[in-house]
């Protein structure tokens, strides 16, 4: 089971990184914002899988923090993008 | 093994009192901040004096093991002669600047809190806390935090006027200082990786001349000399120091750069292994010598009084690096003289330069400008200020009986005794050039006023603060030598 | 070569990238971002040191970890300070770099000294 | 742990990972921003949701399980809000 | 083992790739996104390095808070293209910078790879030292006791920074509220999030701060979450930051370091001296400091993100805020 969970974590991370590469290229701000969000979600998934694989509960807290601040950060970014856009 | 010495609690007090005063002033604001700061700085001077007396009397460094946790896991505060002398200097300069600042940053009863005054009275005790942390810290990482405290305080003080022309040079200063800190931190990380501690006393004598140690030493030195504006990393300093308000310039040039200097001494003569010091010291001294010559020549050609004084700081900081190869020399007597000379140079420069910056500020207020060519009449309106400026200048030149004279004389002797006579040529040349630019100012100030020039009188108390600092830098030269023995306590 | 060594090299690479950015980029804002990358590299090096010091059943030496936590907070405060200065510089003068002014404006005007 | 639960977990986790993969492929292949937003939200919510579902039986206690669900809920709410705002911004950009 | 190695290699390349991309990004906005992405990856690396406490801090402060604060400045900088291109270093200068960077990186790599093996470590000492304090998390023990002075000074540095940021304001704006004004969003997803998220976030923030004594977490991480939950209603236009002359705000910012300082000095009377805790009472005292610090970190971070005061409040509320 541990192996499987770690494999899934690596798979998620790998696909997220591949997607990241695509989206960081843009062309729009929206694409880049999505890139960050995708990375955040992928990171959370990978962390949860690793936490379960090794049985380290504290890692779940990292994922929790990422989920909370991820929501906050994406919204803050969109609001800032609006400020930039309104120039 | 560090043990808490009798009187070690004084070190805790020297650190916590100004920090607490800053926090209380921050909350209370307005007029209260001013009163808290003045009171705290006065007590701080008494504490610094007590520390110096205790070190002098016991002839051994003071130490305090925080929380009873022994290094390497815990941390210690230590005050050797160097720390005690610098702490005392800092306390004198800070109190003088605080009294001086009462003129410009006073909040009268019932008046609303203003931005500049609030920031000034909060950041004075903040600077005291930062200096105490930098001088007394016994742990390289703790000293990193102290460096950042110094940077933040210095930057805020420099921007006190909120003048548009100033933001660019202060931002450049901040970038330099931050990169300097990061490089220092990088070196500290390597040292921890190599030795498993960052306690200076534990590292002393344990370091090896291997790759991690050498690289760490190089990175930390580079970071610190960027903060001290040693040639060729000096160009941020003159505009940053000259653009600040007078009280801030005095603190920046007099004290803030000395924080990094003390760290550099700790790094080189306690932490780094002897072979590195032997080889690298000459390089540092060569850079210092270049700084002396170039800084003085450029100062000589400045049109603005404050920029001139700022370039003089670049040159005078150069002298501090001359002690590095002399200390590494085999001759113990000469090394001891070089140590005393170098530290004395730092102290006397702090006193003299802060007096000169404050004097330059008063002159600028009185005349409404600080163009060197039209200072005529200044000596008539404010003789005390001009005398103070001249006394500070004498100390920088190294004329007897000033503190600068004793410092430069000791360095000169040490350089001859160790057979490194070429440094003495630099010292003499620097003295002559310094004489040139000080003469330029004093002569211009003594000249009759240009027609149409209106010079306003300046408040007498402010003039007296300036004079007190200049006289203190003079008195340093007439102190009997045994009193200076303080500096030798715990020397490397 | 162990995994920790690979991450150690990544830390060195991050330091190099950050240093290049700080020196070679013109805009202050990008310099600040690069400064943060440089800082991240330095902290990562502490992480490598901590990992190498794993002992007593701990996955990493707690002392460098505590230093990094302190360092991260200090670096954040420094970034905030640099940013506010950048913003004010821009608001007042319209400048986005710290390049030398043309010589005429280089000398600060001391006339308005308090 | 019973075999049934183990298989359930494995299937859910792998399905979640697959959704991430599918979302990424969509992200790479789709031509315009709005359809990429669509691909992303699917991957996000379903992929993470399945992984959380798969990990729930493995959780060591109720507290951890609660945290897992909370994480998913937060990602859902945050992702939905951000996607809506991003979409609105992107639509404005394209106009 | 080789799978782990491959994973490390992948993470290292990803971090370096996003970092390089951050520098190369065409717009400042893109550069910030790249920076946040790098930070996110780094927090995964920290988990990999076994430093979960740092992973939390990196995610909260290194990536989240730093990214947001940079972005709000990016959003307000305009133009300056001519000036920027004039100040951009020439190709030769850039090559020189690259050479310098590669040299430093190379020398550093040489040094790191030559660190002694086995590495010196204080892990054992820290573990032994945390037991008498009743703390299960040695990192917290190091932060609060063994290297307590660092933490104390660091919390003071945060106050320095807030004050420095405020003091950059224009004179006539002194006494105003920090930051730009956001349009009030009565409905829509943002306003919903700004109402739903803070209650959850506050609970999570307090939990992360509380759990720090025995598991990864602590005041800085929890405080950052609380700060974010304070900022959110602000950018949704639902709440207004208080005036910087409001003494309650100032007390909140200074409460943490003041409490730390007082407990530290009380050590002279009730324990072995400065910053030492009486053995039977260590944990409650540490928790007291942590609680005050969490509040202060939250307030200080929120103030740092909001920036200097940018507008004056209406006169009547000014009078109320001033004592």
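A few remarks follow.
Read from first to last, the chains carry the letters A, B, C, D and E; within each, the first residue is number 1.
One rule holds in what follows: contacts are C-beta pairs under 8 Å (C-beta built on N, C-alpha and C of every residue); 3 or more make two chains touch, one makes a residue touch a chain.
Worth saying up front: this structure is predicted, and the values here are computed from it rather than measured.
Among the remaining chains, those touching chain B and also chain E are C. Separation of chain A from chain B in touch steps, taking the shortest path, is 2. The chain with its Cα centroid farthest from the Cα centroid of chain B is D.
Of the two chain pairs examined here, C-E and A-E, the one linked by more C-beta pairs in contact is C-E.
Measuring from the averaged C-alpha position of chain A to that of chain C gives a distance of 24 Å.
With each centre defined as the average position of its C-alpha atoms, the distance from chain B to chain D rounds to 57 Å.
One inter-chain figure worth recording: chain A and chain D are separated by 10 Å, centre to centre, where each centre is the mean of the chain's CA atoms. Multi-chain contact residues, meaning those touching two or more other chains, occur in chain C at positions 15, 45, 48-49, 52-53, 63, 67, 70, 74, 77-78, 81, 85-86, 88, 95. Residues of chain D in contact with two or more other chains: 70, 74, 77-78, 81, 85.
The set of chain B residues touching two or more other chains comprises 73, 116, 141, 145, 148, 152, 155, 159, 186, 190, 193, 196. Chain pairs that touch one another: A-D, A-E, B-C, B-E, C-E, D-E.
Residues 1, 4-5, 8, 11-12, 15-16, 18-19, 22-23, 28-31, 33-34, 37-38, 41-42, 44-45, 48-49, 52, 55, 57, 60-61, 63-64, 67-68, 70-72, 74-75, 77-79, 81-82, 85 of chain A touch chain D in their complex. Across the interface of their complex, chain A is touched by residues 1, 6, 9-10, 13-14, 16-17, 20-21, 23-24, 27-28, 33, 36-37, 40, 43-44, 47-48, 51-52, 55, 58-60, 64, 67-68, 70-71, 74-75, 77-79, 81-82, 85-87, 89-90, 92-93 of chain D.
Within the complex formed with chain C, the chain E residues making contact are 4-5, 7-9, 11-12, 15-16, 19-20, 22-23, 28, 31-32, 35, 38-39, 42, 45-46, 48-51, 53-54, 57-58, 61-62, 65-66, 69-70, 73-74, 76-80, 83-89, 93-94, 97-98, 100-102, 104-106, 108-109, 112-113, 115, 117, 119-124, 126-127, 138-139, 141-143, 146-147, 150-151, 154, 157-158, 160-161, 164-165, 168, 218, 220, 297, 301, 304-305, 307-308.
In the complex of the two chains, the chain A residues touching chain E come out as 6, 10, 13-14, 17, 20-21, 24, 26, 29, 32-33, 35-36, 39-40, 43, 46-47, 50, 56-59, 61-62, 64-66, 68-69, 71-73, 75-77, 79-81, 83-84, 87. On chain E, the positions that touch chain A within their shared complex are 3, 7, 10, 14, 17-18, 21, 29-30, 33-34, 36-37, 40-41, 43-44, 47, 52, 55-56, 59-60, 64, 67-68, 71-72, 74-76, 78, 180, 182, 190, 193, 197, 200-201, 204, 208, 211, 215-217, 221, 224-225, 228-229, 231-232, 235.
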